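One chain, subunit A, appears in both complexes that follow, with subunit B as partner in the first and subunit C in the second.
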Partner chain A sequence: MDNNSIYINSFSQISVQEPLSENWTTNPIIYQNEKLVKIKDPDYKEYYPANIIRRNGKVLRRAMLVSQTALKNSELTQVDGVFTGSGLGCVENTEAFLQQIVYEGEEFLKPTYFMQSTHNTISSVIGIALNCKGYNSTYCHKGISFESALLDAYLQIKSGKINSGFVCGFDEMSNTYFSILERAGYLGGKSIGFAGESSAGCIISNKLTNNSLCKISSVRIGYTQKPEEIEKLLNQALYDSNLTINNIDLVMTGINGNPENDEAYTKNLEYLNIRCAKLGFAQLFGESYSGSVYGVYGSALCLKKSQVITPLKIDNKTSEKIENILIYRHFRNKDHAFIILQKC
Partner chain B sequence: MENLIEELKKEIIETLNLEDINPSDIKEDEPLFGEGLGLDSIDALELIVLMEKNYGIKLKDASEGKAVFGSIKIMADYIEKNRTK
Partner chain C sequence: MNITITGIGTISAIGNNCEETLLSLKNCKTGISKLEILKTIHNELPAGEVKLNYDQLAQLAQISDNETKVRTPLLGLIATREALKSAKLENTNDLRIAFISGTTVGGMDRMEQFYDDFTHNDTKNSFLYPHDIGDSSEFIADHIGIFSYVTSISTACSSGANAIILGAELIKNDRFDIVVAGGCESLSVYHFNGFNSLKILDNEICRPFDESRAGLNLGEGAGYVVLESDKIAKKRGIKPICKLSGYGNSCDAYHQTATSENGEGPYLAMKEALKISQLKPQEISYINCHGTGTPNNDLTESIAIKRLFGENIPPFSSTKAYTGHTTSASGGVEAVISILCIQKGFIPPNLNFKTPIETTGLKPITEFKNAEIKHVMTNSFGFGGNDSSLIFSNLN
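Here is the complex of A and B:
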């Protein structure tokens, strides 16, 4: 075992696919005409008593179950930190709270909406669910929220501050917020893909276990519109991983059916000379600010299974071996993130 | 008084998001906190807002609330005597 390596020990998801299951890898639910698809929630009564369910809003129930399931599957009993990426936090409660202010004034506001309307409520609830009294932080950086959370956890483990962490992405997509994004031309409208929600997370640590899915060899984030700067970022990620671009077997992208978004991927991948088979997560899980958590999840599963998970494919190229996967996410072609996962 | 008790039960179920509980499940003399419905301190805050919003009653201190929220019957009785709307 390489003592300086960081592993993804387990993953758990609740999504627009069958929740808490890997059935989507062989039998995915296909969404063709929908513009907005909400998560398929499991019956939380099977997992929690009624008072816990009613005390926590939708995204918080998801956070509790996903985090506890991931920990259970990880062969670890405790994590040292919680790292949450969320572009919108508990946006449904935030909206309800603001609507109350608008329509009923500030005098009779519901305490529950107030308490559950902050972005970092999700991470706090996860801390309680995992009995983790250590580091707890939330990153709200729109399309690179999850990557930012992962970078923090990665660096803290790498520098020896902690040994393990739960890293996750959670976002609700309310009808109101979707309509704003649609009007702005980011989702819906002429886009082929659909908007979704995100609720997934992984346990990462410096401990290799039988359940470990893969190794994380680099996480790099940058803000730039210059192609040469993007290339520099990629080269840093490759250097961290002791790889060249020719060693990359698959690239997981955030191609989501929005013409402007996808065109930037095409141009940047061409410039970066990335010609291997492309994968995508948005055609299965939908687009949301922290939706790339499903990209990391899908890539990690490909490495664990040593095969391309067919529903993730977005072109006809093949790959002889699956040992190194590059995950490239850009947000409006300004924020760029590269993650490299390797077989362990 | 009977009508007020029924009205209160429905309002409490809605405000506190008491899924799977019907008005008939809430016994008039049963404690609302601890045993009975098993409400907690956040529910108490919700009930204080409910009293003020729907009946114009402003509870000034927490100890007053503890007595007022003893049961649905006590709560209805207090509202009947102190309501301003």
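Here is the complex of A and C:
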């Protein structure tokens, strides 16, 4: 047995698809002509007492339920650390407090919104939900927030510092913040994809279980605008995985309908000589800073099922076998992340 | 492999660089005063404010006049430049260098000034970009231009410390040769009001670890360190200042804004740092405490220290009464202060202390003390129980 292998033991999601379910793989909800779609929350009353629901804002309820469901499905009873990616943190509470200051003044402010507005609120609620007093960190770096969290967890397990972790991506999107991102040119487009929210996470560990979805063989992230540097990064990811580019069966991308974003994918994939079938997550789950967590989720499920999940497909190419999936995420063609998942 | 520190840089209310910071500490001079730059109705509350406006900060950060000026990344850029200069990082060819930055406020200063315009009209579009945390880090990185990985950490008041921890891990795992890590945070009307609404701001200069302490003073600034393996430092011909010998990150997993009664998170973070450093508790020469001056923090930190160190509590002090609580930057700013303690051989006294906390009885160092500092522990505890502790050691 390879002692250094890292597995995704379970995944859990709440999204614009049916929450806590894999129904989207066969019966996806299709969103057309919508710029922004918000998450369909389950009825939290089925899971938590009223006072807990009242005390925790929307994104925090999602974080509690997603993390606890993932742990339950993982065949593990405890994790050693919590690694959260969230580009904007609790942006709705942040905005609510900001609006009070801007429009009502500084005189009669209550702490309610502020207390649940820092970015790390999500990760600390997960720490409480999983009763995990170990390592706990929050990465807030635009489109590679989730990838940064995964890299930290991956390295700590690889080096033997810890054995397991909950790695997740959470972002909510307010209408006003969406309008700012749209005007700044970050989001919005025509063809496929829409802006959304994210709420998903996985248990990863060095233990292979019956439920394990796949192996994570590499996580590489870089900051560059030079194609040859992007290629170097990809080659490192392939080297980590003992693969060549010809072994890659599918590539999961962050193609989301925003022209600037999608053109960079087309150009870079061509430069990198990646010609296999392409997948996407934004047409199903929506784009947000940590939205690529759904890309990893979808890819992991493809490997578990040994088949391409049709709604993830964004071209007409086919794949003979499903053993190695490359996940490529860039943000404004400056931040680039490669993750390789392999069948276990 | 040793993770060494080859460069440091800082800016805060007690100095625009390491030299000025050292001088203020040696003269027991506080930087906490009446607000002059930040516009808030709560100007009866003192703060550790950097007395430089946007244009003055921009000049110090060496950015051109027509660029959009945002306070947090400007503070960060100033400290990063100093850290790189002191590490003599000129020829960076063939070196893999990462930048890890901690902040929470990010571009909130501009967001609160122009929020109404951003959402309703196009008059302030020259300032229109998302102003999130990642923007601050990339602003700094783009002006330096040597980094092949940039990411941001936000764990509230332990952000800077956790950036340094990630930096060490990236080097240990051979992902990078050199990592510049730390934190930056400016004052904003937003979090000034946030902390005020929690009723934890003192309207006098704070009194860490004193029985009469009544809250914290907010501060602003930045602190960054240059981390590299001893092998790379040797290859570059650089003599390191000290090494990062231990670090711990733990979650109190108790409450959003308060620490558990027995200080479990702080205790576990310090314990983990000691374990990694392979030091015995009695080998710690000095603890630079989180010591914000709030009733809850100083009590639970004292309890945690007593649990870990028993009867042999090392000399300790908080430097918050100098700089104010620089929140996400504090892990970086206080790492730099702790490294200065090793480099120059001193313990900065805890200002404004008179009476020990009744239930714990701990007395911090209250007089400036020259002393050989072999191992210094520095604590950063954040909202939501994100607790971290670092240990820096001399090279002997």
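What we mean here is this: the second predicted complex is superposed on the first by the 339 of 344 C-alpha atoms of A that agree within 3 Å, B and C clash if a C-alpha of one lies under 4 Å from a C-alpha of the other, contacts with A are read in each partner's own complex, and residues count from 1 in each chain.
As a working rule, a residue touches a chain if its C-beta (ideal position, glycine included) is under 8 Å from a C-beta of that chain, and two chains touch if they have at least 3 such contacts.
Quick caveat, the model's predicted, so the values are computed rather than measured.
Asker: Examine A:G134 and indicate which partner it touches, taking first as subunit B and second as subunit C; both and neither are also allowed.
Answerer: In the superposition, A:G134 contacts subunit C only.
Asker: So, does A:L109 touch the first partner subunit B, the second partner subunit C, both, or neither?
Answerer: both
Asker: If you stack the two complexes on chain A, which partner ends up touching A:N256: first (subunit B), second (subunit C), both, or neither?
Answerer: The answer is neither, since A:N256 touches no partner chain.
Asker: Would you sort A:N51 into first (subunit B), second (subunit C), both or neither based on which partner it touches?
Answerer: first
Asker: Of the two partner chains, subunit B (first) and subunit C (second), which one does A:I101 touch, if any: first, second, both, or neither?
Answerer: second
Asker: Looking only at contacts as defined up top, I'd like to know whether subunit B or subunit C touches more of subunit A.
Answerer: When the residues of subunit A touched by each partner are counted, C comes out ahead.
Asker: If we overlay the two complexes on their shared chain A, which of subunit B and subunit C does A:S67 touch? Say first, second, both or neither.
Answerer: neither
Asker: Could you look at A:N268 and tell me whether it touches subunit B, subunit C, both or neither (first, second, both, neither)?
Answerer: It touches nothing on subunit B or subunit C.
Asker: Check whether A:S205 is in contact with subunit B, with subunit C, with both or with neither, and answer first, second, both or neither.
Answerer: The answer is neither, since A:S205 touches no partner chain.
Asker: What part of subunit A is shared between its subunit B contacts and its subunit C contacts?
Answerer: After superposing on chain A, subunit A residues 107, 109-111, 115 contact both subunit B and subunit C.
Asker: Inside the complex, what are the residues of subunit C that reach subunit A?
Answerer: 40-42, 99, 104, 108, 111-112, 115-116, 118-119, 125, 128-130, 132-135, 137-138, 141, 147-156, 162, 166, 169-170, 172-173, 175, 189-191, 193-194, 196-198, 249-254, 256-257, 264-265, 268, 382-386
Asker: Would you pull the subunit A residues touching subunit C in the complex into a rising list?
Answerer: Touch residues, subunit A against subunit C: 82, 87-89, 97-99, 101-103, 105-107, 109-111, 114-121, 123-125, 127-128, 131-142, 144-145, 148, 152, 155-156, 158-159, 161, 176, 179-181, 183-184, 186, 221-224, 229, 289, 334-335.
Asker: Could you list, by residue number, the parts of subunit B that touch subunit A in their complex?
Answerer: 15-20, 38, 40, 42, 45-46, 49, 52-53
Asker: Per the contact definition, I'd like the list of subunit A residues that touch subunit B in the complex.
Answerer: So the residues of subunit A touching subunit B come out as 50-51, 53-55, 104, 107-112, 115.
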